[in-house]
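Below are structures written as structure tokens.
In the two assemblies presented below, chain A is common to both, partnered first by chain B and then by chain C.
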Partner chain A sequence: MKKAAYSFPEEVLEHVFSFIVSDKDRSSISLVCKSWYEIERWCRRKVFVGNCYAVSPPILIKRFPELRSVTLKGKPHFADFNLVPEGWGGFACPWIRAMAGAYPWLEEIRLKRMVVSDESLEIIAKSFRNFKVLVLSSCEGFTTEGLAAIAANCRNLRELDLRESEVEDLSGRWLSDFPDSYTSLESLNISCLGNEVNLLALERLVSRCPNLKTLRLNRAVPLDRLPNLLRGAPQLAELGTGAYTSEMRPDVFSNLAEAFAGCKQLKTLSGFWDVLPSYLPAVYPICSQLISLNLSYATVQSPDLIKLVSRCEKLQKLWVLDYIEDDGLEVLAASCKDLRELRVFPSDPFGLEPNVALTEQGLVSVSEGCPKLQSVLYFCRQMSNAALNTIARNRPNLTRFRLCIIEPRSPDYLTLQPLDDGFGAIVEHCKDLRRLSLSGLLTDRVFGYIGTYGKKLEMLSVAFAGDSDLGLHHVLSGCDNLRKLEIRDCPFGDKALLANAAKLETMRSLWMSSCSVSFGACKVLGQKMPRLNVEVMDESGPPDSRPESSPVEKLYVYRTVAGPRLDMPGFVWTMDDNSALRIS
Partner chain B sequence: MELLCIRQWISGLLPTVKKWLSAWCIKPVGGALVRQEPEYILLALMGSPLKKIMLCSSEKEIFSVEEQVMVQHSVIINNMIEDGSYNHEESKIPLDCVDSKTLKKVIDYCTHHTHHHNDNQEDLEAWDAQFLNVDSNGLYDLLMAANYLEIRNLLDLIYGTIKNMIKGKKIDEIRRIFNIKDHGFTPEEEEQNRKEYPHFY
Partner chain C sequence: MMDDSRRRRRSSHNKFSEEKELELRLGPPGEEEEEDEEKDEDYWSHHNENKRERNSDESDQSPLSLGYFSSQRIYNYHQDQATKAKASSFLQNMSMVGKESKDAISSSQPCRSEVIEFHNGAVCAEKKALSSPSSANTAAPNSSQKRSAAGPVVGWPPIRSFRKNNASGSTFSKPPLGSHHNHHHHLNLNVEDKAANNTINKEHVNNISGPPNKGMFVKINMDGIPIGRKVDINAYGSYDKLSSVVDHLFRDLLSAQRRDSCGGGSIEKQNQEEEKTMITTGVLDGSGEYTLIYEDNEGDKMLLGDVPWHMFVSTVKRLRVLKKSDLAALSLGGKQGHIHHSK
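Moving on to the complex of A and B:
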């Protein structure tokens, strides 16, 4: 049998590719050769678009004609800190319209930081017969009317998750629009809704959906209704309570405790607004099975938190307010040996004096006691190089380290030195670090360490740090895997940016606000790099009404195959390769 | 339902029978026996010659192999035996798209898995890994043969192996493993790809 140079037939490759699902691997496959690119694009079912402006609906649809699941992200991360003005962009409508036409079998839409209108929700409700999953994370622009359309029409809906979105809550009636015959709900997150929902409709919905595993209620659901809900869904794995307060009555308490005890599969708890501490013991029966606890709304003091947390020996994830204090974190370190993620939020971020006894020591204790700790977000008011050093040596397995020392430019409180060496130790010892947020007093030296050691770093957040362009240059030239860089209030300027222009094409995006990048440099960057969108934001007027050397207010640079966007508001200018300034 | 009971009965029976046979120095039949009546099995165990069948490669080479072994693994061969189109005295099954080298390997695989099916998982996996330690041409031939003969577990094994040749590997390495000499992108496209995704290469 004569044999030509073999190649696996298309059906074989297609079958093999169906086992390869991660985005990275799929991208890799499509880069191997043209024929694999072709096969891969036809059998791709799931796509993740990290920046909705990096590509356009027609381009996406042309390349991937058979998608079932689409994830899109819109605004840059700093939008969470109100740095992105209203109307900036991230509109979901053009995407949803286009997908309605191209993907009648679409099952899943996940959007983050996008503007979603009721009209878009109505289009989703009517266009996709097999629609199963809608996740709107930190989105805005829609009302409960849009939700009503989803409830009424999506027969096969499994997941409706509105986490942290801003919803105009017109009426709680929308929940009743789920027909009585609808029973396929598996996950419901309405924690962001302001008003009361129709509680009777909620109870009926919960009890008729046998596969409901996740239920996150909003604050308006009173505590005394919780037992009934729990009894209707004893198979729940994840629960977000409503307000956790009520008149203290023994029957309410025992009812609640009994209902919790009945949920043998409950592993995740959140909610806990307005906690009345004497009701916390109602969850004690299930503490030993909890792996995730979000107490970031629970304004209770350390002793009550300690009593709760010390019972959760299987805990892997804890989000809590700084009321837990160093003492509480020490107990956490002693009790929860399986802890992987810790987030400590500030109870009073704008207060001038510390209101709680939470210092760097708490984090040091946890880093000592919890061998599996990988992910940290920690707000505090003081830090030292010594503590950071200790943390780095204790926990070289850290992958995410976000430290927020509340007062900008705070030095090492013991030595009054910059915290360069401390953060240097973090990047040096934590070789798999993927995400880092810096704070405190920092010079260019810390960026030298980051450029040298941060080889796996993918996302870096910087504020009020550095001395000169060298800092930015170290990061852009040294961090091989950098994807997202966000900077505010740092003295970084033109030189480093222009010298590392090519690097920006390998990244998803760069954000710089209140830095020293001149308008002229932005123009040069835009002209030099046609595959980048260089957007300047300035609410005080067109940047060309000032000298070229004036610094721009905000700069957002991202790679794209879609060219400059056409939906910019009046305060955003694009620096494309036309020498004339284009105003949208 | 009945087949299940029979299988359980047989697998319960086998250890005792094996011991008895080894005392009498009679070679036992290995593996779970699915499609045969209990009386026949006992007859076979008591010393009737093991039924063999003949497979003929594309190079006209004849391979004799236990019917048992091929019937268990290959849906195609099982169907042929069942529907009576195979006559044990005269017939040989022509496999025109499988060359001798590949056919021998396929037979090896089926034979090993029949006789060693009670081995622990680790040992079987190690044997499989060694078995598939071939170049991609060889893998291709095995895949085609397994597909043609409809040998499910061998197919799954090969697909898994191909997947591992791709997953997590750099692109230059994938091209080498799969012998892809011409990637088909224009020089500009290739350059742009390498610029945008330097760590994939």
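Moving on to the complex of A and C:
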């Protein structure tokens, strides 16, 4: 009786909670008191698991019995650059099996960097009656057979997005497995597929799904089929073309231009493999409505890029190859005042010499001209402290800054000094910086700056930098909000790691490869910190066959409530508190 | 933090006399890198820490640059323990750092000249071998100082594999302005481009499927190396880069092999240097002692460079580096079959 006077009925609380969407806030609610914890967990519908090994399927299911949407991430980020050997882990199957049993009403599964088998896809296809969204981002392990199962069985599918996954493309027939009665598709991304899909089936699918907003084709869809597809879906908001080349025929061009013009809602363009520059003007009619443009596969020269980009006054996001050059970026800065995100990729990453006239100046121009610029990924071959300083002062609103100077340990090309001060200026002025990737010649000093100023920093990527453990210590002790730290080829070792062991429990994960962390230190860390999984990767054999002081190849440390994982391949050893190596 | 720095300054005083000794020893790197490895490891990093601490306080130009160079060397010393000839990587690092300004290096770095003297005659050969074979004839005078690209550093630069072939994917479009592509001419790629542009474009779209998703690893064997390796063809978008990578790979393997079988010593070093120049300089243009061939999907052994890169990628099954003299034997109709040229 008394209790009721002090608390709302559960239903009211549940209703209130339903307005709280962010995971962080949900987590906070659950900590208020036991009854709030209970109510919250029963009405939680969406969960994000940043590291699939931080928790286990039974633990998740036990706490949240009524989920509709699950997002899981598997391999560490450096797996994108081939630093994680095959077989490392990130298997989706145990999760999918468990969820099939526990969540018959599951609607959404989003996986990133996980290994997904055809069997898993079949389980998804058969287990969830109301399944709506499947996003497989940078995943691998499945074939088009698995896709066929999804197509054939998921009557309510809205979204099928295979972005950047490695799919064994056995046949393009799977697309035909969507039944004729199926019309609920809203988003389809097959850009990663290697082979041709059944084009007729694709056309029919596209034209019978009135809510289709996103269509990202693969390279194998020929350009002359694009107009038909576009006419079948004039409501499209996001389009990824296939190969953007064809025999130069006037009718192909005018057909294409007309089709583009008919897509009044089209705001995002991508694809553009094999661009024939003379076909680019076909998109001019819609340039003024574009907010996002991904030209990172378009191997066209700066003049053509300039003509295109200068027409996109509403552009917020541009991904492009360094063919755009400094000149092109200057035009970008003058034309696209709403730009929020810029990514410039290298056209010739392994080249001996610069093949394009793209330098630090391009980035400086954009930082000057685009007041809303927040997110930068920039590959270049030279950088100076002065430029970084200018960029930092121009754009204190930067939240993501990733700079890759292609040659490791390149100094300031003007002064030959390290780039400590330049990056220091970035972290000092950009107070909301959440993500930072360093490159160039860097000493421990830059880490001092990062530790001092990088208070909001959540993710830091470091390569070929620093002089000593002090560098690592600065970061671990100074960056209060650090969640992910990935380091390769730096002289960081045991001292900083062990001195900051407790910090690691406040982070999602730490990756260190080709550093100076000894096997002995890894063992100590594993023994002292039971809530961390300390995993040593070594492809040359068991680490205990070498002296304790010898450095481990790769170290991956992450917090977990699930204990050491049981699916490790032969080259991964866990340092747990049994102080006996567990080799699976 | 304060405690740390105080502690470090104290320990720096203790180490001061050792440091003096150390500075004198900043001479021939070859010597000291082979001795006292494990023992000095921690010491070197401390030394470096102290130097940096003092340098930043004094903000003096030349100790600062000395510090960088020695830290460069020290750092790579750590890294190179497990692999490569130390002397060659040292030179690589020195030349890389000094890329833009040779003068700055020579004025502030007495030990460097010692290094050069130590290696003496071998240095010129080393420098030649450092730069990519096919660009040797187009290289500017100081380009021999530049470090060759595409020494297999895994995962660097950090781009996804499906992005790696972008430039080369445009064998059919104009090469970028101001690039050093004139060394393509002996591969006849430009001629083929113009002639076959239309038909190859279509083939290109249909046969060469999508952005290269997986790394495409093919076996590569070299005469004289018992154990083969694998290279990711998809990571290198042109014949030049592939040949450069192969060059590096086998130079390193061969020298490692020689080192293992005969032990250390300065005479052996001389032999290693010779070995380096002998190997695969000019794998494609035929000027070196060795040559690179491949086996295609029909089992035929082929010379590189005849077909456009993409066609090569789709038909190559394995690679082989062999002595040119052996090549002649093969084509004389040995059991392994004939060497074919594509039409």
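As a working rule, the second predicted complex is superposed on the first by the 579 of 584 C-alpha atoms of A that agree within 3 Å, B and C clash if a C-alpha of one lies under 4 Å from a C-alpha of the other, contacts with A are read in each partner's own complex, and residues count from 1 in each chain.
Please note the rule applied: a contact is a pair of C-beta atoms (placed from the backbone, for glycine too) under 8 Å apart; a residue touches a chain by one contact, two chains touch by 3 or more.
Computed from a predicted model, the values in this text were never measured in an experiment.
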| item | value |
| --- | --- |
| Partner chain in contact with A:Phe8 - chain B first, chain C second, else both or neither | first |
| Comparison of chain B and chain C by chain A residues contacted | C |
| First (chain B), second (chain C), both or neither touched by A:Phe19 | first |
| A:Asn481 touches, of chain B and chain C: first, second, both or neither? | first |
| Contacts of A:Leu416 with chain B and chain C, given as first, second, both or neither | second |
| Contacts of A:Phe379 with chain B and chain C, given as first, second, both or neither | second |
| Partner chain in contact with A:Cys33 - chain B first, chain C second, else both or neither | first |
| Partner chain C, residues of chain A touching it in the complex | 78, 80-83, 164, 166-167, 169, 192-196, 218-220, 222, 243, 245, 247, 273-277, 296-297, 299-301, 321, 323, 345-353, 355-357, 379, 404, 406-409, 411, 413, 416-418, 437, 441, 443-445, 461, 463, 467-470, 473, 477, 488-489, 491, 493, 514, 516, 549 |
| Footprint of chain A on chain B - complex, ascending | 58-59, 97, 99, 136-137, 140, 143, 159-160, 162-163, 166-169, 171, 174-175, 178-185, 193, 195-201 |
| Of all residues in chain A, those that touch chain B in their complex | 1, 3, 5-8, 12, 15-16, 19-20, 25, 27-29, 31-35, 480-481, 502, 505-506, 559 |
| Complex contacts: residues of chain C adjacent to chain A | 1, 4, 38, 45-46, 48-49, 52, 56, 64-65, 68, 71-72, 74-75, 78-79, 96-97, 100-101, 104, 131-132, 135, 143, 146-150, 153-164, 166-167, 169-170, 172-174, 176-180, 198, 201-202, 204-206, 209-211, 213-215, 235-237, 241 |
